[in-house]
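Both complexes shown next keep chain A, but they swap its partner, so chain B is in the first and chain C is in the second.
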Partner chain A sequence: MQRSLPFQLFRYAAIALALAITLVPILWMVSMAFKPFSEWQSAGANLTWIPNAPTLDNFRFLFGDSGSDLIVALDRTAGKPILSSLLSATIGTVIAMTAGTAAAYGLSRFGSGANLPLALIQLRLFPPMAVMIPVMMMWAFLGLMDTWWGLALIYGIVTLPFAFWLMKTFFDDMPKEIEEAALVEGCSRLRVFTRVTLPMMAAPLAAAALFVFILNWSDYLIALLLTTREWVTIPVYMASLSSSMTGQLYGAKAALGLIAAVPPVILGIMIQKHLVRGLTFGALKQ
Partner chain B sequence: MTSAPTPEKDDGAGLGLRLTLPAQVLVLFISLFPLLMQLYISLTDWSPLSGMAWPRAWEFWNTFANYLDLVSDDRLWSALGRTALVMAVCVPLEFGLGLALATLFVDDFPGKRVAYSILIMPMMVVPAVAGYMFFMLFQSGGPVNDILSWFTAEPVSIAWLSDPTLALIAVMAADIWQWTPLMFLILLAGLVGVPDDQIKAATLLGASPVQRFLTIVIPRMKTIIVIALAIRCIEAFKIFDTLYIMTGGGPGVATETISVYIYKITTQDLIWGYVAAIALAILLVLSLLAVWAMRRMAK
Partner chain C sequence: MAEITFDNVSKRFGATVAVNAASFTVRDNEFFCFFGPPLSGKTTLLRLILGLEVPDEGRILIDGKDVTRTGPAARNIAMVFQNLALFPHMTARDNVRFPLVERGVPAAQITARLEEVAAKLHIGHILHKHPGQLSGGERQRVAIARALVRDPAAYLMDDPISALDARLREEARVELKRMQREAGRTLIYVTHDQEEAMSVADRMAILEQGVIRQIGTPAELYDRPATSYVAQLLGAPVMNLIPPGLFATRPGAALVGVRPEDLRVTPDPAGRAEVTGVEPLGGYTVLTLRAGESQLRVLLRGQPAFAPGQRLHLDAAEERLHHFAADGHRLAG
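Moving on to the complex of A and B:
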C-alpha cells in the first residue's frame, strides 16, 4: 500500500522514539559493565554515558582478579553460579522437552492423556509463590535443596507446559502421510515416532528447546528459594553482590548482568518466528 | 519392553499411554503432594522453627484459625490491592503501546527487520537483570534524572526508589518496558493475519482508516486480543523478579505485591502454616476464575 510522506515521517519518528526507550536501559548496563571503579558512581553533572576509560576490570573482578583499584575481593567468584545456571537450565530443558514431546505425540496421535492440556495450563496459571512452601519441604525431604539437579527437576516441571503445548501444535500441523507410509512398510509405531517423526521435526524441536531454555535461564524466584549457597544461580548471586565497604558493586553487577542477558537475547532473536507460538501456548502461529 | 505388535491390531493406545506417562507423573508429583501437604499445614500453626518435622504438624492443630486470620490481614489485602493496581495500570498501557507500535509494522518499510529485532529484545532480558537495569536507571544520580535535567535545564535529583509513590511508578515503568514487546509481538501477528481483501473492499466503500480499524480489524482480532490480555494479566499478577530487585517491596511496604508479601512471610516470619492458608486461598480463587473464564470462552 502506498503511504503518504507525512505518515512515513511520523512512523519513523515514532519508531525511533520506541527504539531509544528500548535501548537506553540496555546500553546503560553495557556502558556500566565497562566502566572503571572510579566512574561507577558518576552522577549529576559528572554523569558519564560512555566510559571515559573503558576497561575489562569488572569482568576480571567477577572471576577472582582483584588487581584493579577495588579494595574488596569476592569470597567466591561468578564461575560456579554461571555453571549452576547452565547446568540447571540445560538439564531442566532436557526434562521438559523429553516429557513434553513424548506426551504431546501421545495426545496428538493416539488421544492419550486428554487431561494434560488443561492440567498444564493450570500449572502455568498459578503463581509459583503459592506452591513454594510444599515444594521447599519436599525438596528438603528428598535432599534436593541447594543442588543444581534439584533446580533442574523443578525447572523441568515448570516449563513442561510450554514444551508440551509447543510440540503439540507442531505435531498437529505435521502431515500424517509419511508416518502412515512407514507404518504400512511394517515399522512399529514407536519406531515411526523415533526414526521418522522426530528427525523430521528436528527444527521445531530445536526451536522449542531453545524457547524452554530461555525460560529456565530467566528464573530468579525459584532459585532464590531452593538454593542458598553452593549452587546459587546467576540472578541470585548477582543480587548478593554488594559489600559493606563499597556498597553496590555497580560495575561488577552490570558485567554479570550482561553475561546473563546475552545468551537469551541471541537465542530469542534466532527463534523469532516461533516466539508468538511459544508465548501463547500454540494458540497463535506467526 | 516393547513387544512387536501387529500393525493391524495395534491402535497405538498402549504406546500413547506410555508416552504420556512421564508428563502425568511430573504433573501429579507437583500437584497432588504439594496440595495435600499445603492443606495439612494450613490447618496448623506449624513453622520450620517449631523444632518438629512437618508430619507432626498436627500437634499445632488450629483448625481454621489461619483462614480466619487472613480475612483480617490488612497487609495481605493491601498487597492484593497493590497487585491489582499494577495490573490495572500496566496491562492496558502495554496493550495500547503494543497495538500502536504493531499498526506501524503491518506493511514493509526500510529497516523494518532490524527495528523489529531490537524492539522485542526487552522481553528476552532476564527479568532479574531488567530489575537491576532499572535499579541503576532510577538512582538519584542516575540516567533518568539526567535525561529529565535536559528538559528542566537544571540538575534533577529525584530519589525515585525511596519515595512510596515514585517507587511504584518506577516499578511499573520497568514492567511496561519489559512486556510491551510481548503485546507488540502477539498483536502484530494478529494484524498481519487480517485478510487484505476485506480492508480493500471497505476502503472502496469509503470507510475511513479509523472506521476500518474499529469495524474490521478489531473484531477480527478478538480472540488474539483476549489471549494477549489473559497472558499478561496472569503474568502481571505474579510480578516479583524485577520489582523485588528494584525495591525489595519497599520503601516500607509501598511496592509490596502479593508475591513479595508471600515471599517475605515465608522467608522472614517463617509462619508457614499461615502462608499455606494464604497460598491455598489464592489457588482456590484463581481456579474458580479460570473455570469461569473457560466457560465464557466456550460460549
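Moving on to the complex of A and C:
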C-alpha cells in the first residue's frame, strides 16, 4: 500500500518515540555499564547519557580484577553466579518443557474433564512465599540447598504449569485429523507423536521454552531462599553488589545486567522465526 | 480387494446416537457412497471402518475377518479426510511418500511409485512445496495422491472435492470414478451432494440421524424410494409430496409422491392447475403450479411457452406415482 510521505514520516516518528520510551532503561543500563567509577558514582552532579570515558572496568571488576579505581574488592567474582543461573535455568526449562509437553499432550488427547488441568495451576493460587518456605525445609532435608541441581529441580516444578498450559492450548488447537491420517497411514501412537505432532509443534515449543526460560532466568525469590553462597544466581548476586563505603555498585550492577540480558536475547534471535508463528499458532490452521 | 461388513454396529457419543444398529455389506471393488444431510452419521461410519472409533455394539468385518478391535494401522485402509489432513511441516513429496516410508517399503520402490502417482494426479511440479504454499485444488490432489500411493484394501474419502468449484468438481468426480475402476479397489465415498453421489456410486446408502434408511443402486433409490425421506433427498427439484386426491391413490396412502419430470402438463383453460412461477434454466424449465391446496414443481425439457396465471391440465402416469403411508414408508406394489 502506497502512503503519502507525511504519513510515513509521522509513522516513523511515532515508532521512534515509542521505542525511546520503552528502551530508555535499557539504554541507561548499557551506558552505565561502560562508565568509569567517577561517572556513575556521582550521578546527581554530572549526569551523562553517554560515557565520557568509556571503560570496561565494571566488567573487569565483576570478574575479580581490582585494577579499577574502585577501592572495594569483591569477595567472589560473577563467574560462578553466571554458571549457576545458566545451569539452573536451562535444566529447569528442560524439566518443565519435557514434563509439561508430555502432560499437555496426554491430557489434550486422552484426558477427560476440566478439573485436572486446573488442578495443575493450584500452586499459583498461593503467594509464592507460602509455598517456598516448606519447600526450603524439604530441600534442606534432601540436601538440595545451595546446589544448582536443587534450584534446577524447583525451577522445573514451578514453571511446569506454564509449560503445560501453553502446550495444551497448542495441542488443543491442532486439527486431530492430521494425527489420525498418520495413524491410518501406518504409524503407532508413539510414532505419530515423534514424526508428526512434535515437528508440527516446533514453533510453539520454541516459544514456550523461551517463555519458561525467561521466567527461570529472572527468578529472585526462590534462589534467594534456596541458595546461600556456593550457587547463588545472577539476581541474588546482583543484590549483593554493594559496599559500606560506596553504597550500591551501580556500574557493576549495570554490567552484570547487560550480561544477564544476553542469553534471552540470543535465544530470542535464534528462534525468532518460530516465535511469531508460535505465538499466533491458533490462527494458522491450514 | 475388500468386502466390508457391518453387523448391527452402533456408536454413541454421550447421549447422541451417531450410528444406530447399522448392518450392511460393501462389496469388493464397489464404488459405495454414504449420502445424507450433515450430522447424519456419514463421517462416523468412515471412522468406524478406519478403526479411529470403536463401536459400542456390533462387529465390523473386512474380508470376513473381524477387525472390530483392530487398530487403524493394521487395517490397511487409505483415507482422504474432509479437511485433507496433510502434514504441514512436510513437503508434498514427503506427504505422498509418508505411507510407504512408514511401512518400510524399499527406497527405489517408493520413488517409482511416487512418480507414477504424481503423474496420474498431475502434481509432479508442486512436489517440492509445502501444503501451505498450495492452492485448495492442489492440496486436494496431494491428499488423494497420499491415499493412492500404496495398495490398500479399500479407499475411504470424506467429501474430498467439496472445496472445488462446480466445474472442477464435475471433472474431479469423473476422474475419481475412472481411477477407482483402474485400481480395481473398493472405494467408500461420503458426500452431501446428491448429484455427485448418484453420478459416481455403484450403490449408495441413505442416512438419516444415524440410521441407514435404504441401500441400493442410485436408480433403485431414485425409482423406488423406501420412505418419503429418501424420496425427497434424491432428485432436483425435489419430489412433489402431496396429500392424496389429486391423482389416483391407493388405499392407505397418506402422501402421494411424483417426481417433477414425471408430471405431464397441457394448456387447458378449464384445467385444475394454475402456473404460479416459471424458471427457464436453458435446457430445462421448472414450472411451479398450484392445484387445489397443493404446490407442485414440474420439470420440462427446453423452454416451452408458459406464463404465470395460465391454467393447465395436470396428470401423471399411474406407474410413476409413489405412495407413502402415514409413517413415511412406501406402500408395496
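Points worth noting:
Definition applied: the second predicted complex is superposed on the first by the 229 of 286 C-alpha atoms of A that agree within 3 Å, B and C clash if a C-alpha of one lies under 4 Å from a C-alpha of the other, contacts with A are read in each partner's own complex, and residues count from 1 in each chain.
Keep in mind that, in the parts below, a residue touches a chain if its C-beta (ideal position, glycine included) is under 8 Å from a C-beta of that chain, and two chains touch if they have at least 3 such contacts.
For clarity, every value in this text was computed on a predicted model and none was experimentally measured.
In the overlay built on the shared chain, the residue A:Met200 is in contact with chain C alone; chain B does not reach it. In the superposition on chain A, A:Ala130 contacts chain B only, with no contact to chain C. In the superposed pair of complexes, A:Phe110 makes contact with chain B only, with no contact to chain C. The partner of chain A that touches more of its residues, comparing chain B with chain C, is B.
Shared-chain residue A:Ala260: touches chain B; no touch with chain C.
By the touch criterion stated above, A:Pro175 is placed in contact with chain C alone, chain B being left untouched.
Of the two partner chains placed around the shared chain by superposition, chain B and chain C are both touched by A:Leu183.
Once the two complexes are laid over each other on the shared chain, residue contacts for A:Gly150 go to neither chain B nor chain C. When both complexes are aligned on chain A by C-alpha atoms, chain A residues 183-184, 186, 188, 286 touch chain B in the first and chain C in the second.
Chain B contributes residues 2, 4-5, 7, 10-13, 15-20, 22-24, 26-27, 29-31, 33-35, 37-38, 41, 54, 100-101, 104, 107, 109, 115, 117-130, 132-134, 136-137, 139-143, 145-147, 155, 157, 177, 181-182, 185-186, 189-190, 192, 223-224, 227-228, 231, 234, 237-238, 240-241, 244-245, 258-259, 262-263, 266-267, 272, 275-276, 278-280, 282-283, 286-287, 290 to its touches with chain A in the complex.
Looking at the complex, you find that chain A touches chain C at residues 175, 177-178, 180-188, 191, 195-196, 199-200, 202, 286. Partner chain A is touched in their complex by these residues of chain C: 50-52, 71-73, 75, 77-79, 81-83, 85-89, 98-99, 102-103, 131-132, 146.
Chain contact summary for the complex, chain A toward chain B: residues 1, 3, 8, 11-12, 14-15, 18-19, 21-26, 28-29, 32, 41-45, 47, 49, 95, 98-100, 102-103, 105-107, 109-113, 116, 119-135, 137-138, 156-157, 160, 164, 183-184, 186, 188-190, 193, 214, 217-218, 220-221, 224-225, 234-235, 238-239, 250, 253-254, 257, 260-261, 264-265, 267-269, 272, 275-276, 279-280, 283-286.
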